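One chain, chain A, appears in both complexes that follow, with chain B as partner in the first and chain C in the second.
Here is the complex of A and B:
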């Protein structure tokens, strides 16, 4: 059985292509470890791609969980430096509605101060000037350093960084078993989730960074890590309703954060316990939609008449501790387990708990432990070294573009720069056709699509969407998906596979639209059916098994 | 202002009804918001293409098996047979050439290389009698450089499944250089707008050289010409040495827009009033009749008529609307046939049957509509706003629009169920 990258022996194999896995692979590679990153589907296919995209100040946890709040604000400041092309400094407000208890504000501000989070009490009138979308009846407001972060960009930037430092990366490779010698894991058996082909890779150490799926990965290794799947549903609105993050100043509850991100705004979340066997199969229920909408309108009344683009849900990877039915009072603290000391199983680490905000710190803890176990002494540099795309020393910018036929940056080139930071320099506009727009909603050019296909582990349309935002805008992929498929097929040379990919991509878009299928979303859905089923007849190709590619 | 008939909605069904009424001498006004489903047309219309997931060979026969509430069942097969034969001549008068028969479906080639049953297909578009035995020989698929709404590889796949040999070529048209400089301009209708005769001739000579080089027997190309009339298509066909057929592109649809504009011009030429960019906002009802409607642009100047036709289309055209708790008809609040239970509206799998597609206004056997349970004797609905058919699964949208429009227009002319 051949391994994918020749007869290589790795120092570490990191399992899981979310922010934590990608961050861990980056940290390991930066410290000189021979690293392989494996992901069973695509990067960010799990919880990383299904959250608020909130650059937490930590204020939300200040009252209930000081430890998390402190970690959050530290990481918040670090991410602003190392991931500036993924971060938008929107600022945040914690507002008190007439129905909320204003006494909580005092407790909240005190707790923020204690955790080192700047929390400035504002006159509600001033808050309204800062964020006109907020409910004008608010009775209190506190300003905190919240922001927005793009988890897709963040994760890919970590992957690009890891690769630059020599890491190998395999997407669509699932760990189906561990290789072992007595009480030591020596490698992983991987199954290509698209072809079914199996390979074996060896390493001294496996790091389980599988988020909620880490529960199962640990089981494969023969140890028990009891995870607590808590589902959180969110709604995406069709435009940027607010420019500042708006939180409810109360004990964390349903639908109390409204986050602006790129061209949209997000309201979330709910919190419901989920049986473990349902984590791959999440549907947003009408009840969840109604709660999110009802509570969201209280924060920003204009949500009542703003188009909802889609609904989605993610699973919080909390480690089960008590029997709280909602999973909300559990600490979001980081859990880093050395299974050698915990379970007598050598060569295996689990890094879990935590949250998107602390992915880097989780990676640092896991890599520290890995280095210790492998007898390495290199120090962590991820808190100082900017991610690819966010380099500060590199002079680049609109005025530095010397490309002959470009007089100034077009809208799509500016959008690409916003998405890829300094990496956007690698996007080539060889011909005028490369400047043609694929996705008009998000201004994605043919050149950017080609760049993503060539450099960012793109095999299908959903990968492309995650790398470029193609299909994330108001039309939800209606017009651009087909165009992107027309480019993708030039690379994979398989029209049949690409068409089936297109059919499942359209279905995946609809899956997020149907829970909110009224108003303009239903109009868009009908248009989508009209085009792809009616005009094109793509339903003739649709097969349930194609949805595997849609992960 | 007083008319004999006012039609709300200026898409295909509204225009066809308007033409019919105007030709019979009625004073007719159409109020159109400006959008038409024809703008997204595939190049074909179907009467009935699918029955329980299978292709229909003879739509007139299959129509007899539809459920009683279906608009076709209300019309009856004989009426449909009669009207079906009148459609192509009516469109021809408007300058739109349609080919096909209601006795036997043909197949159109879709933008991604599939074949779908069709009843009438626009001049120049690729269609065949039997997709299993394609009459095209070796096919040359040509595309214009920079045009991303046409997919030669997918068409090649479709044709190769039918055993055909295929080659593709991309050519650069000097006449399109200005368009290519702007990222958003290379869309089918924009190209069609600038394809002057000399560019069409240039295109023909490039295609001829590819034909010679590849030894192909038939040419397929994107439907990017003939926006205003069919002449550019005829010119190209006369100059290319082998048969050449158009394949519909992703929107906007050049052929569909041509059909829409031609019908509209014809209606106006006949003396009809076409109020474009206006919207009916409310109606005045008295004793079970609609007396007048007011529009956004005309403000307090109501439009009065003896008869009214609602041709506002489906959700897509805003003839129906939905909010989180209900589905409604937005202009008059007419009675609607729809589930009150939101989870029943849609299926999570987009390719499965979507219940919302068959929702529409409640209507009687003559397509009169109802307001709070009361039949409105001079307001009838036509086309996609009607309840009772799932045009997506049946492939019946075009046919239902045309058949109900012609029937309602004739009923108005015959004074049936309303005033003459």
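Here is the complex of A and C:
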């Protein structure tokens, strides 16, 4: 696969395998640009894979940031159409607790209306019928079109789409330098983050879609984009506590959103400023866990006695508005910079700011600018063309599940259909073994694992987890990791490497379990350590290069 | 850190640490690849069903409800209850005519007892079996238990009732459908044994089927109605200081544990007063309150089979200890494994093959031990073992009755009526 690289001249090289990078690569490829997408680790390894998975209606921003709110509701409606298999239409509630100011609700509803977000004031009793998990003491409730979105699926669907339109994709390739001719960037120097090998790729235009890491990428190009990392911690609960997104109707603060995401519920987030040099070392502190629990229990009391699976933290890429080097004026809005006009550096665009919800719009802006610079006229189609997996036709029922199944599907086949949408037709159940389960908590079959390895850029177990949910369930990889490793080794033919991979995978799972290690999760962790350290003795196998995904 | 100390899951299924021991102990998993196994069907599946009922898997019907998974679980997860509750809550299809017939053991029993000789003969006819098999999907290889012409309660009222008040101590007897319609001898044996040690045996004011078959076949409304009638009578009995004895491990288990867990009926006030006759009798002997005197001429080699619900109750030790008291009894302990029938489960055509495969190891062991009889506390285990091995099966109470020197026992306990 590597042979075809290095000889081609691309129109654009998109840097960053998060939602924005993948979305930009898709948009570029759809508009006929010869595109290369590069990512230093795995897709969704950065902020894309570490957020709430909330399909914002925009209501949360309505009072403080009308522009973001308007963008959100527009993109919300688009994503429901183009990314059906990544989206769950749960609806959302903004609830007012006795300790909150009910006057805020009025301001909130007005702001929503102004931004074009439907905001229906409900009787608190009605809200409790819609979502029984909500605190029964609420004094106010507003219904908004929030939902849940799976950022892993979304990003990979964009990559699959880009590839279909001819884009090349390189994961585990970090940009270490830019090739330049005077004031023009002409290519990138890439280092394989697993082998250290360096190569050069050339293109007319580089698009920096590195999120918070875009700060560093810009520095490599010799320009300055001021980023201010803000850390947000979240807790994952063991099962679906709520079926409707619950927000707190107050000025945005800590731990005021509870999102149902696939099989689990997520409470978040905290918000802490972080020095830039710490963005690759995210750890959740006991204080953050306490805040999340304390505030979470207020909106959904049953969280107090629900098992917590893990804790994690992501970085918000907040960008200082231009002409403000102090960084006091921070926007959550989209920032699209043409460094030719801004800094006199040609061949370089930065697309940053924004949020998961606006990834497509960010991609559209970046690609519009790229086309303008390259003299292309093709129009953006990403708002109309469904993503691979979401090409659901009449044969799909109301739950996005195919109607035509003659025999009743097993739970894992139903789950796979939910995860991969219409692409799940490519999962083959050739033998009885293919129907066996690898991950029992998240219902991932051998067939689905094989499909992911063959089609979705999977080289290791962590990649596999992000593509399928394997290892994301109650046992956090305790049972499925070694089974999946057994399948993976049939592809990479290296038992030694796979064992190190297994060690890295388990270390990564432990990292998230550690901050919430009490009760059942502590017992589970003990059992897991007994299995992997005690019985298998593989805890110390991973080398530094195996751990790049485990951060 | 206050919140962290208090955050302990109240959701029983979240106590599962995925050790999978339950699946190792599941009798169905090794033979039926369509069954997801207790871990997946139970705690794992529960997460998905909580996400959306759409994820319910109809293959949960293959669960025997043996509860061996719960016995095996080191984390005290009520796996069997989770599975049965999910079947009750999520199955879309209505119970079929067959399931309703099999479940209504008391109604069918009443009808069949009235015409017992005809019913017994008819059920053995090949054409009838073929019709049952093809129309009702009741497997043609399955032998039906014979119906008795005289119901237990008819005998009791005629032969036993009058003298029961003369004893110094009293118990109530929950005879169950099997003793009532198929095998009154077991009830007669219990009366003999209890009378011999000075206990009068009384019927409950009203007795309905315990409901185990109705629960298994998802007839929850009917089961709840019967359970409430039974509990009302049991409460009256307990108020009269009469413990309620059963001779069926399944009926006893159902009234103690399935009522609260699956039918959500609170029985905490009387639960401890519902118990198996062997346990009650063993404790009396053990505490020195009564003596058993056995006949010198009783000689039998008997193997004890532990029914699944007996395993769940943890009470087989009472039955086996009682049997071991009999001097002429050569005791053989069989491995505690499921016999495969699981009540109405093994009658169903789709389960028959698995039912026999599950029991095959047990049947082999019984045959290799060359015993005179098998003892077990469950009537459906009796049918299964008798049909599959040809070896006669008796309840431990019946074996005690056969071995008991009634007159000597009465004398030893100072009973004279």
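We take it that the second predicted complex is superposed on the first by the 513 of 551 C-alpha atoms of A that agree within 3 Å, B and C clash if a C-alpha of one lies under 4 Å from a C-alpha of the other, contacts with A are read in each partner's own complex, and residues count from 1 in each chain.
Convention: a contact is a pair of C-beta atoms (placed from the backbone, for glycine too) under 8 Å apart; a residue touches a chain by one contact, two chains touch by 3 or more.
All values reported here derive from a predicted model rather than from experimental measurement.
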Q. Given the superposition on chain A, which partner contacts more residues in chain A: chain B or chain C?
A. B
Q. Between chain B (first) and chain C (second), which does A:307 come into contact with in this model arrangement: first, second, both, or neither?
A. second
Q: Examine A:441 and indicate which partner it touches, taking first as chain B and second as chain C; both and neither are also allowed.
A: second
Q. So, A:483: does it touch chain B (first), chain C (second), both, or neither?
A. first
Q.
Let me test your reading of the model: by the given contact rule, A:81 touches which partner, first (chain B), second (chain C), both or neither?
A. neither
Q) What is the contact status of A:499 with respect to chain B (first) and chain C (second): first, second, both, or neither? A) first
**Q.** Contacts of A:240 with chain B and chain C, given as first, second, both or neither
**A.** second
Q: Figure out whether A:34 sits in contact with chain B (first) or chain C (second), or with both, or with neither.
A: neither
Q: Examine A:251 and indicate which partner it touches, taking first as chain B and second as chain C; both and neither are also allowed.
A: neither
Q.
In the overlaid three-chain picture, which partner chain does A:414 touch, first (chain B) or second (chain C), both, or neither?
A. second
(Q) Can you give me the overlap between the chain B contact set and the chain C contact set on chain A? (A) 286, 289-290, 293, 410-411, 432, 437, 440, 479, 518-519, 523, 527
Q: Show which residues of chain C lie in contact with chain A when the two form their complex.
A: 1-11, 13-20, 33, 36, 39-40, 43-48, 50-52, 54-59, 75
Q | In the complex with chain B, residue positions of chain A that touch it | A | 283, 286, 289-290, 293, 410-412, 432-433, 435-438, 440, 445-446, 479, 482-483, 485-487, 489-490, 495-496, 498-499, 502-503, 506-507, 510-511, 514, 517-519, 522-523, 525-542
Q.
For a test of understanding, state which residues of chain A touch chain C in their complex under the given definition.
A. 238-240, 262-263, 286, 289-290, 293-294, 297, 304-308, 399, 401, 408, 410-411, 414-415, 432, 437, 440-441, 443, 473-475, 478-479, 516, 518-520, 523-524, 527
Q.
Quick check on the complex: what are the chain B residues that touch chain A?
A. 37, 40-42, 110-116, 145-146, 148-151, 153-154, 156-157, 180-181, 183-184, 186, 248, 250-251, 314-316, 318, 321-324, 342-343, 345-351, 354, 356-357, 392, 395, 397
